[in-house]
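Take a look at the structure set out below.
Letters A, B, C and D name the chains as they come in the text, with residue numbers starting at 1 for each one.
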Amino acid sequence: MATSFFNDLLQTLTERGRSLLRLPREPANGDLTLLAEQLLSEKGEASGVALAETLLASYAAATETKRLAFLKLLADRFGADRAKLDRALEAYRADPDDEDAIRALHDAAEARRQELIRRLNLAPGGTASLVKMREDLLAHLREESALKSVDADFRHLFSSWFNRGFLVLRSIDWNTPAHILEKIIRYEAVHAISDWEELRGRLEPEDRRCFAFFHPQLGDEPLIFVEVALTREIPGAVAPLLASKRQPIRAQEATTAVFYSISNTQKGLTAVSFGHFLIKQVAQDLKRELPNLRSFVTLSPVPGFAAWLAAERQVELSDALDDEDKAALTLLDDPDWHLNPEKTAHIRRPLLGAAAYYFVKAKTRRGTPVDPVARFHLGNGARLERLNFLGDPSPKGLAQAHGLMVNYLYALDDIEANHEAYARAGEVIAAASVRRALRGDRTQRVLAALPE
Amino acid sequence: MATSFFNDLLQTLTERGRSLLRLPREPANGDLTLLAEQLLSEKGEASGVALAETLLASYAAATETKRLAFLKLLADRFGADRAKLDRALEAYRADPDDEDAIRALHDAAEARRQELIRRLNLAPGGTASLVKMREDLLAHLREESALKSVDADFRHLFSSWFNRGFLVLRSIDWNTPAHILEKIIRYEAVHAISDWEELRGRLEPEDRRCFAFFHPQLGDEPLIFVEVALTREIPGAVAPLLASKRQPIRAQEATTAVFYSISNTQKGLTAVSFGHFLIKQVAQDLKRELPNLRSFVTLSPVPGFAAWLAAERQVELSDALDDEDKAALTLLDDPDWHLNPEKTAHIRRPLLGAAAYYFVKAKTRRGTPVDPVARFHLGNGARLERLNFLGDPSPKGLAQAHGLMVNYLYALDDIEANHEAYARAGEVIAAASVRRALRGDRTQRVLAALPE
Amino acid sequence: MATSFFNDLLQTLTERGRSLLRLPREPANGDLTLLAEQLLSEKGEASGVALAETLLASYAAATETKRLAFLKLLADRFGADRAKLDRALEAYRADPDDEDAIRALHDAAEARRQELIRRLNLAPGGTASLVKMREDLLAHLREESALKSVDADFRHLFSSWFNRGFLVLRSIDWNTPAHILEKIIRYEAVHAISDWEELRGRLEPEDRRCFAFFHPQLGDEPLIFVEVALTREIPGAVAPLLASKRQPIRAQEATTAVFYSISNTQKGLTAVSFGHFLIKQVAQDLKRELPNLRSFVTLSPVPGFAAWLAAERQVELSDALDDEDKAALTLLDDPDWHLNPEKTAHIRRPLLGAAAYYFVKAKTRRGTPVDPVARFHLGNGARLERLNFLGDPSPKGLAQAHGLMVNYLYALDDIEANHEAYARAGEVIAAASVRRALRGDRTQRVLAALPE
Amino acid sequence: MATSFFNDLLQTLTERGRSLLRLPREPANGDLTLLAEQLLSEKGEASGVALAETLLASYAAATETKRLAFLKLLADRFGADRAKLDRALEAYRADPDDEDAIRALHDAAEARRQELIRRLNLAPGGTASLVKMREDLLAHLREESALKSVDADFRHLFSSWFNRGFLVLRSIDWNTPAHILEKIIRYEAVHAISDWEELRGRLEPEDRRCFAFFHPQLGDEPLIFVEVALTREIPGAVAPLLASKRQPIRAQEATTAVFYSISNTQKGLTAVSFGHFLIKQVAQDLKRELPNLRSFVTLSPVPGFAAWLAAERQVELSDALDDEDKAALTLLDDPDWHLNPEKTAHIRRPLLGAAAYYFVKAKTRRGTPVDPVARFHLGNGARLERLNFLGDPSPKGLAQAHGLMVNYLYALDDIEANHEAYARAGEVIAAASVRRALRGDRTQRVLAALPE
């Protein structure tokens, strides 16, 4: 009952929030710069909410050109207050041990736009508007490098507002309101959902689950969601998971939870990470509900593999590929090679060897794995569990990874140690079968490439 | 229905929250300093939540001595990283126009405990534990001035976490769960509530209301609440409002909403202000429900008046009191003067005159009004509306203000302008009747002091 | 908050209900007759719920033949207890003024299956199972007239259980959970909904509404729902209302609420009427939300018209049609007559004249209107407001009513008087324009048939 | 989420209900008889709800005399329609095998007030008003025996409306809204609760529970509630359970759930039984939550014992008491005998022997146990488990039962068989220790009376 008191309580918050996610019907059209300066002035303290609302509405109503101009202005005129910074520096030099001087230095070095963004956030629906504003900003980031510092401030504040404590995990199922399900269809980024029947196939069967994170300030808008299949073994290919006519199994019989699709929904929250929290909490919740579950794995794409392999095949003295490998891999250039059993038999071993190298040994300049999905899961403390030859023979799968898919394993007890090894020493934690596929040990590679 | 989806969604958040506001039954007892350093290390990224939980539990289980030692350690060892700060300064000097250098300076000047506190906040129930920790800190602030900078960091972070966007206003009434009502009894700071029947008298009648702010991270714990009486005129005394046998009026007949008691509940949130938001939102909500309401006023104590007047009576050439006033005011030293009509008739005029001076002219060194309650309401944009002679003849009322009470008026349309005048120029906005009571104009004062 | 306490409270009821609407996975397979006798015995008092559950599960698992056998058995062996009835009659004869004797007679004359059905209803999900059982029964009613008395008992009990006090009106919109929306698609009986996009077109625009009645014992299963269009005038044709590309109007601008589709969902509740409650409550609720609404009308099919007219055209001395009419109406036999403006011009007047007669003068043997939809709305106190020539030129509309549609008007203030006139004297309340279309007054009919 | 859809849905129902439980501010004052006849007429079909509302409001506003007159009128003029009954009888005689004739007989023999009450129930708040009306009726039942048949009709209808399917079990705890807790204080009938602190002592400790049944039509009004203590053994006295300073045990450590107080709250629902459902469901729910619970027992008063014993002591050749017993029991006439160990030692054995006889052998004329509490629990299928000498030495306990209390045991697996034996053969199921206390076997009784 207390719960339901609080429930009600939060409902108020939400209703307020929701009613304000909409733009006002007749948006104000004020001068953005002037409004921004006013909002940072004394006046802003008393009437900040109204000013913030007007500024955001004016921004929303502005043309793209005006918006960009405003964003650039944020970069140019709303950095740190230099005069204040110089005074603070002087005071610090005068007494480098004065804690207050250091604090003043910290304050003075803060870009003024940070406080501006904080005050904008007080407007009804402010958070949603700011997420939208950053989406605009990201679209211009490449050509306008001055916006980088604005972006850094957005990211800093978003990380604080979207911290784990405020994220709420919810199961999404066939009983979820239609306007939310519609968003799942729209935002699904990994394996597109073409219509409501396909959606139902991912939500309604007993052996399918979906979970999303929500945030009080963004109302019914999911931030990220993961689709889960409950299976009896670790799957190596995605098609059987998505098959429309498949026979569901009883949830209690499942031993494995497969995270086969993770989609972020808000471009404006790029690089504000909550994916690892999502996976870990979903894993814990599922384990509690279904104690028979033993493995929590992904079935993941390998988006960087084909590009890397193409480059590697040009390297004369490749550490990853020997001549024999290179020769075999020329078959990849044949159209429809994946439909020809003879060709796939030839390609299998060298491709998996190259893939093992790609994951375990190839590094970016920063010393991290080349594959972005790998960086995400390994950074979360997962283990690279298995390489799946032709796990995704769709055109997209062939184009980005010659059909390769992989499983990352989330072993709840090892996550912390794995993460630490990865973060400290850049060590890629991989299962023995993956290590065996590495080129060093020919025999092992042959064994490893056999179908399991 | 969407609402109720979200409703559910937030319920999860709350349940999680609530279950964790309790201390674990067997709190860990780790070394606090070591835990703090670990939490700030790389290790903290992966297992931060668990470390934070352990640290907070160990803190909660520690003796007062150990706790103080930890807080002092936060001051001593978790300030800004000096080496990093020096490097940042050097880089800045090398290129003072480099935005990135300024950002780096900003980061380097931030006390390390800020990040520590942010990470502690991720623990389940972390926010509540940190509010409690600051309560400890405030208790030692006077004798341990080194803690001031720790306090500044707490305040900075709390201001961000408890920003208006997350506060939820709820009506508290006789249908509210008992465990919340119990807190209203416990926390009422202005006019104590002795038992459940008295509480009922403040909540159940049609012409009584109560509202509180809650915060998702603190569960069912109210942050601040205000008690409201609906009346037909601006009241000058508190006793009739609290009388147990009074006859309620119909809510629709009320023209005036009286905020007669405002109580903060969390010592650990001292100086993190939400009172003005509360009053303004309650005023708006009441106006919507009861369009007949025309005045929104407080009936407020004057906690600093007696002390100030005692001092002023010692000043030889007081600007506030002339000799005649001083002579009359000696009657205040008689016991039970307030029960003697002759004496009160003598005292009335000079006391109100002194009070007008106290509010309008007397200033602290910072140029603000002497009275803390006045600072709060005037800072919110309210107007000092009326001085009420013997509005509170209780022992406490006599001791702190010779029985004086005042009304502050919240005129929704003027709030902003009032605030600006006050914030910019320190101007005290007061009604004509108060200004007339000022000594400058003798005749006016006589008129002003007549009973209305 | 009290509300939300109760809210919770009822949730329990629902969850219990819902979990039990499903059949047990392994249904018992007991002897139905034996179970029924046990349930009526003393034993049934203590373990009634379990026995009822077993009986219902066994029934659900039985073949159609066995089910029918059971239903017939209800008719044969579970009528009134004759011996008891005879004793009661004797006692009554002995003292016809003894109230207790009359009561005993009443009890003795009650069919034993009534108590049986009442006890079955105590099983979890019992109500839903019994509704299903009556659906079976209705399917056999024609060939098995002995079942009629069983049906009468079901209807009597259902009327009591589904009384107005327990029905809950809910708005259905695009935020409603998908599994309920799915049922709207499935059950829509008047204007079929082909897919989710079409459903969205009926729910999401500002000028479209949908409402349904639910019942606590049937969980998320709607009993009946009505689709409403908000318009600026009384519509004469259905196609514009359902057009996929139409431009919605602002809800506040609407003057008319059109109930263009009413669907019952539960066959097993046939003849347990709640449609009139639905329409009246929806009208009241809409009026409260949108005070600009002035007219509440239906746009209704005329399912019996074509059949009646065909018969009437064969009547030599028809009171409804003269020879001229009959001649003109032969054009109805031409295929695609409705696409030929010349033909429709000829047909219009006589067809509307016949329709006016059909509604106002033609009667069944019981003295009620021939048209079943007319009986429903007139019985609710509505007025026949307008005849719409070619309002529905779809194949179905042409086949059942030569394209005719009508509007029934619900004038909230007249409903009661209309109902009474209809119920007492069989009087059909119709607008002047309809009366004018009656054959009696040739000139009037010509006028009436002009397009408005 | 579906749940919360339904949740909302039912909230509507409740809000509607609640708002209408209040009397209208200016109640109509119509002629009750006239209104009743109108309500049963055709007119009633269309405007029944409004008529019903007026009748109930007029009744509520009427004087006691007028109310009683109305109730008597219900008895006199709203019995079965005699003319109709005679016709039905004739038709039945004409063809005793005509099912329809029997049905018509059944209908005709029904008192007209049944339909009247059904229609009154459709008014908003109708159920609550009717419960109140029956409360009035019960107050006059003794002196106005004509009201008996009215009462029988009320009871019949209430049994149907308050059937198990609509009752909702809710836990009552310290988080329950205050206005509901207040009712627990008011309605507690067994062990009075003097104030909120005492209430808290019964709700808040981990080893105390309280559950109530609610009904959708009666809003927040509990129908019946039971207070439960979780203990480590079957208690023999009530004082330790209610002690204000006792040390709670951990709920998980409890092996026994003691139903120490069961209170009905609605006089108007007298003889509409839901107590046994309450006990059984609470037992099941507790068992699920706390699997360590092994015994579910009551600690019950014995309200009829002292009166019975007084009479029995006068019987010359009592089967229950021999002369020795009678002699010992004269000590009961001494004031404060229970404080004198010597006297209690003398009384113990014969008193327990008499008690065993009272429970097991003494019968009313109908062959049921003399004690009303025993009839309730034994009728539910409980077993008389233990006799507790001086279990309640309060003045009330001494007056009604010479301090005797008993435990009834609800053994979930035996309930059905116990009930059947009791219902069929009037057999009192009692534990061996109780049977041993019977006089037949002297030795046994001595053993049985030893303190356990």
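The criterion applied here is as follows: a contact is a pair of C-beta atoms (placed from the backbone, for glycine too) under 8 Å apart; a residue touches a chain by one contact, two chains touch by 3 or more.
As the structure is a computational prediction, the values presented were derived from the model and not from experiment.
**Q** Starting at chain B, what is the smallest number of hops through touching chains needed to reach chain D?
**A** Steps on the shortest route: 1.
**Q** With chain centres set to the mean of the C-alpha atoms, which chain is at the far end from chain C?
**A** B
**Q** Measuring from the mean C-alpha position of chain A to the mean C-alpha position of chain B, what distance in angstrom results?
**A** Averaging C-alpha atoms per chain gives centres 41 Å apart.
**Q** Determine the centre-to-centre distance between chain B and chain C, using the mean Cα coordinates as centres, and give it in whole Å.
**A** Each chain reduced to its C-alpha mean, chain B and chain C end up 61 Å apart.
**Q** Measuring centre to centre with CA averages, how many angstrom lie between chain A and chain C?
**A** Computed value for the inter-centroid distance: 52 Å.
**Q** Quick check on chain B: which residues sit in contact with 2+ other chains?
**A** 1-2, 4-5, 7-8, 175-177, 179
**Q** Which stretch or stretches of chain D touch chain B in the complex?
**A** Touch residues, chain D against chain B: 1, 4-5, 7-8, 174-179, 181, 195-196, 200.
**Q** Within their complex, state which residues of chain D touch chain C.
**A** Spelled out, the residues of chain D in touch with chain C are 1-15, 18, 42-43, 45-47, 49, 79-80, 85, 89, 99-100, 102-103, 105-106, 109-111, 118, 121-122, 126-127, 148-149, 152, 160, 163-166, 168-170, 176-177, 179-180, 214, 216-217, 219-220, 381, 415-416, 419-420, 423-424.
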